[in-house]
């Protein structure tokens, strides 16, 4: 049942995202004992104008 | 106050999404007694390269 | 793959929550054609001091 | 560590979003004492066909 | 329609949370022009053993 | 900036959660190149009466 969500800035390659899904799934199964069949991973890409840290957006740095 | 979020793969028609919002709202009001005016429904569509199950993305199947 | 999340104020009975999960799942399968086996529903209960509308918390009304 | 997410309908200008990130960050730091360096703000824009209130989508009003 | 979520470590007082909801709502209305009646704010408190930064949980520091 | 959220049924030990945070952070940094300092991980534990799959809650199985 584990549901993993990763929010990150856009710009990663398709290969990076494939590997991210694989490794996140492994991290969950190896530490919690959950069955891989039950692990979902969702990647949510943010545009730099929609993410801010310390009050400053990534697009304004 | 109920806030419903549905994450699903992209590709549904506009009519399916309209009906989904209606039925989700009914499901909440009929079971919890919440006033329909207070129910929000958000649909978040995922691209197949951004969703994985059992470590494999929908775009890689 | 659909993942449904319902945030609502705490206080519903166990029976209401059971029915909510059933009806949300039906709403998704009947409108999108998704297989019920793939539908997850998560209920997140909020305490009244942690939810506000129009700037006023439910616990302060 | 505070992580703020704002879901709202698309259509705001870049300047409005910049100001939103600034003000949300200030609201968090001034009330909780958290260091601004630790505050993240994510804006998630919804299309009107993907948001409904009282069972009716914004695109259907 | 704006829906604001703030995830933060537990431990703030009730008064801090009341003020946070007020200020978040003002920040949204003053920058986006949204009507206060339509702004929801949800506070989600995290336990220190359930939050990590740089791979180290708040409870392990 | 990556923000990872893991929703899973309650019941894992403190040691499992510590390791989960470590491995999730490594999975993100090794695949995306993000600096570990910037990776946040949030664990959200669900009670079995608040999670359902295929319309049936974990507490009803």
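By written order: A, B, C, D, E and F. Residues from 1 in each chain.
FYI, a contact is a pair of C-beta atoms (placed from the backbone, for glycine too) under 8 Å apart; a residue touches a chain by one contact, two chains touch by 3 or more.
Just so we're clear, the structure is a prediction, and the values are computed from it rather than from any experiment.
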{"item": "Shared interface partners, meaning chains that touch subunit A and subunit F", "value": "C, D"}
{"item": "From the options D-F, C-E or A-F, the pair that copies E-F, where over half of the contact pairs coincide", "value": "C-E"}
{"item": "Geometric centre distance via CA averages, subunit C-subunit B, whole Å", "value": "11"}
{"item": "Distance between the centres, which are taken as Cα means, of subunit D and subunit B, whole angstrom", "value": "20"}
{"item": "Interchain centroid distance [CA atoms averaged], subunit A/subunit C, Å", "value": "24"}
{"item": "Overlap residues in subunit F, where contacts from two or more other chains coincide", "value": "1, 3, 7, 26, 40, 42, 46, 51, 53"}
{"item": "Overall pattern in which the protein chains touch one another (line/ring/star/complete/other)", "value": "other"}
{"item": "Every chain pair in contact, whichever chains are involved", "value": "A-B, A-C, A-D, A-F, B-C, B-D, B-E, C-E, C-F, D-E, D-F, E-F"}
{"item": "Touching residues (chain side subunit A, partner subunit F) in the complex", "value": "1-9, 12, 16, 19-20, 23-24, 26-28, 30-32, 34, 46, 51, 53, 58"}
{"item": "Interface residues, subunit B side, partner subunit A - complex", "value": "7, 46, 49-57, 59-60"}
{"item": "Subunit D-facing residues of subunit F, complex", "value": "1, 3, 40, 42"}
{"item": "In the complex with subunit D, residue positions of subunit B that touch it", "value": "14, 17-18, 21-22, 24-26, 36-45"}
